[in-house]
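One structure, as structure tokens, below. Some questions next.
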Amino acid sequence: MILRFTGLLLCLVAWICSSQVTAATPTRTVRDMDGRAVVVPTDVQRIVTLGPVPVLNSLVFALGKGDTIMNGLPPFARTPRHRFQTVFAPLLADRPMVQGPGMDINLEILVHLHPDVVLTMDRGLAQQLERKGFAVLVLAWRERNDFRGTMTLLGEIFGSEATAQEYLDYVENRIGLVTQALRGLADGQRPKVLFWNLKTMTQPHRIADWWIAQAGGKSATDDGRVIESVSFSMEDVLRWNPDIVIVSAPNEVDQVLQDSRLRTVSAIVRKRVYSIPAGAHPWGHRTVEQPLTVLWAANLFHPDRMAHMDLRKEMKLFYERFFHYSLSNRQIDDMLNGLP
Amino acid sequence: MTSRTAIMHGSGSPRGRRWIWVLPPLLVMAAALSMTLGHYAIPLDELLTFPWTAMFGTDGLSDSRYRETQVVLMEIRLPRIIAAMLIGASLGASGTAYQALFRNPLVSPGLLGVLAGSSFGAALAMLLNDHWLVVQISAFAFGLLAVGLAVVIATIYRADSLLLLLLGGIVSSGLFSSLLSIVKYLADPYNQLPSIIFWLMGRLSTVDAGAVKVLAVPMCAGIAALILLSKYLNVLSLGDDEAHSLGINPTRIRIAVILCATFISALTVVLAGAIGWVGLIIPHITRLLVGPDNEVVIPASAALGALFLLLVDDLARNLFPVEIPIGVVTELIGIPVFLLVLHRVRKGWA
Amino acid sequence: MGMTAILEAQSISFRYGAKEILQNASISLYRSEVVCLLGPNGSGKSTLLKVLLGLLRCHAGQVLLDGGLLTERPRSLIAKRMAYVPQLHMHSFPYSVFDIVLMGRLPYRTLWSPYSEGDRLSAEVALEQLRITHLKDRPYTDLSGGERQLTLIARALAQGAKVLIMDEPVTGLDYGNQIRLLEQLVRLAAEGFSVLMSTHFPDHALWAADRVILLKDGCVVEQGTTQDVMTPTNLEAMYRVPVEVTTVGGGHVCCVPKFKKTVSYEIGRKSSDFSTSQ
């Protein structure tokens, strides 16, 4: 009994001391994408990413701060499809796992890692961790312009405002070039594109409607909806009769080409079924590699107009500049094939 | 007369039995109607001339349009309609058989664990392997395993006890539900989990035409077997001793019925995931219409179940632009229907 | 009774777990007779009936049906010879009377053959025989106790069985129905049936039985004609209650317990008369 009480007392003292210690370091207040005011240290050396970890990690990689990530990859990201995570940040392989299966957060390990900032996209989780004394930033990547706010925010906390701006300029520039190349494109010249998650019969990410349009296509599922994903049936696919089908994984390409129900669909007839490429994260979703997605898609939809842009060269450039990594030809092939 | 018998009260007279002859033509009409409904709009004239064109060749209709129409009708809608009828019939028949076997109107085909086991089997396969054939085989195998476990539990303690069989089913269902939870926990929350949940909710949208072709025969055979066993089920409901004295082996009949009912229920999960409520309410409605004689109720439940699920599926896929999972619709419709049935029965209590 | 027994139990013993329910019991049943099985609670009456029917298997001794071992006969054949009329119990499903009686034809059907016209005719005949045709379409669960018993007997008749094994058939019936049922059984016996029924009431044996079997603690204490067996001594040994067996005018016999509370009045005379005559 006495022992337990003493232990508790010591913990209390330690906690007070540690909070005193953090109070001593210089901090600033930033506003996260949820509008919350968060106090973060001016010098951020240790961060933890929670939730869609590969996506969050890739944002950090792009700012050249992959080494600050203190948490290891969660179980769902330890698959061949996510192998570039450890390629871009080798240290990740040895980090302890904070997030278990089923979005389960191990608080003890989190405390042990004593991060300066926690990054997440889950508001509920942010509130929960805030109560425990962590500095949590909620990032968003839903609306088309969210990436601007997110990258700027991250630039701010890492003190890499310049890199962040460089990235944003790059995005602006590349998308501008694509728009330029596609200038004068008539509506009838825009191919109808379906981005399709076969297993759940949905188009899972509204962002796809955007990059398809950016690349000179027309998304079959673009109906101005607000919700993130839309589900549809086989009959809808036949009704839309897309010219191009993009699936989420390489093995789904054959599945689509061999489905007898789809044999009259334009995309299947002309064998224009492709798997979305994947780098640090599959390109079709919200990811820092989005400009590459637009380039790849534009190349696919309008190769004649995009002939002057070498996609492979662009990829090499992008990853070197932002991820500080030189991709081999083999790796580029793998990425473009969707990382089987 | 106890409340339980009041629930079962129905017109056992021959007049009630004539009802069932209206079901087969009704089913055919419903199937024809369902063929016309869908997101892919087919003009009425094309629809009506389709059978003609199918047999005698296109005539003025552009070739590609015809081919598309053919794909929609024959490869998307028809398999789905047949699947809906097969599943409805199987769940109706096996629900009736279980209710007769356990002499309990609140029993459903999932009682002995087949639905929990199949769901687990499918989810496990999706977690580990994800090839569609593996998923289907796993669903079927674990469905049978779950029921096998329930029977073994009952036999270990004391064979021929209905109560123990029921408890065995509860244990088995509980076990496989927990295992399913573990699978869901371990699944990748961004990719695997959504597809597992999607699969489990019960959906006819991805029904595989090949699977329908392969499974149609065994499912019909299972339903036919239950119809043949129906007269023994009647006698079984009197009590084991009486059944015995009338020349049948109650244990053997029970095992045969459980086997058939489990077999076809597991196959429904393989085709379309776990669809609830049909196996519970259809037998009640049938009994209200035709009385308790299983020789009539089992085929009638099969027909009524097929009709019900077909109409429910039509609603699920056509009511809104987005398809509603069929398990949700059967529940939403099943509950008020059940209450209506109870209400009618309440009059019998007065 | 010089003929062979239709149903015979030879030295059967039955055990349930460690408990001996029947010990070395031997009984016989002949054509055209009513036999009552009497015994106190727990004497093993139900068990004996179930062993005779083949529902339970004895671990010692054997049961013979028509001279052949019961265990060697196929179940459906037994069902065509012997019928079981159990104690009244609740049914879950409201089958019609006709449906219940038709089920008696099950031993004649196989998995592949449904009930035939012949089966339906047999069921109708059985209903007529017991004069309950008017109940044909009524739900069984709606009937009175007496009507339900008659339905079950009709089912036994539809089975084509000539041997009826009945477990306490009059329990739960009102007085009038009890008497009427017993008279029905006597009538059936006269038509060639063999009826073995267990009962709690000595009176039933006295009124309806040709022979009586007394069962106590799983042993057959006495077996013989009613006249021989139904003595006050036997009954008192059986039920441990003093009784008197007496004949009333017109050939009616009954068993009267020597009840503790006695009366001094005469039935029939008005109780007010009695007080004035005090």
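For clarity, chains are labelled A, B and C in written order, and residue numbers in each chain start from 1.
Note that a residue touches a chain if its C-beta (ideal position, glycine included) is under 8 Å from a C-beta of that chain, and two chains touch if they have at least 3 such contacts.
These figures come from a predicted structure and were not determined experimentally.
Q: Give the label of the chain whose average Cα location is farthest from that of chain A.
A: C
Q: What chain pair has the highest count of contacting C-beta pairs?
A: B-C
Q: Return the distance between the CA-based centres of chain A and chain B, expressed in whole Å.
A: 42
Q: What is the distance, in whole Å, between the centres of chain A and chain C, each centre taken as the mean of its C-alpha atoms?
A: That pair's centroid distance is 83 Å.
Q: Going through chain C residue by residue, note those that touch at least 2 other chains and give them in order.
A: Counting only residues that touch two or more other chains, chain C contributes none.
Q: How about chain A: which of its residues touch chain B in the complex?
A: For this pair, the touching residues of chain A are 52, 75-76, 79, 101-104, 199-201, 230-236, 238-239, 260-264.
Q: Which of the residues in chain B end up touching chain A in this complex?
A: 38-41, 64, 67-68, 71-72, 75-77, 184-192, 194-195, 198, 205-206, 209, 317, 322-323
Q: Considering only the defined contacts, which chain B positions touch chain C in the complex?
A: Against chain C, chain B makes touches at 1-2, 4-5, 8-10, 12-13, 100, 103-105, 228-229, 231-232, 234-235, 237-239, 241-242, 244-249, 291-293, 295.
Q: Going by the contact rule set out above, which residues of chain C touch chain B in the complex?
A: 50, 53-55, 75-76, 78-80, 82-84, 86, 89-96, 99-100, 103-104, 106-107, 109, 111-112, 114-115, 137, 139, 141-142, 159
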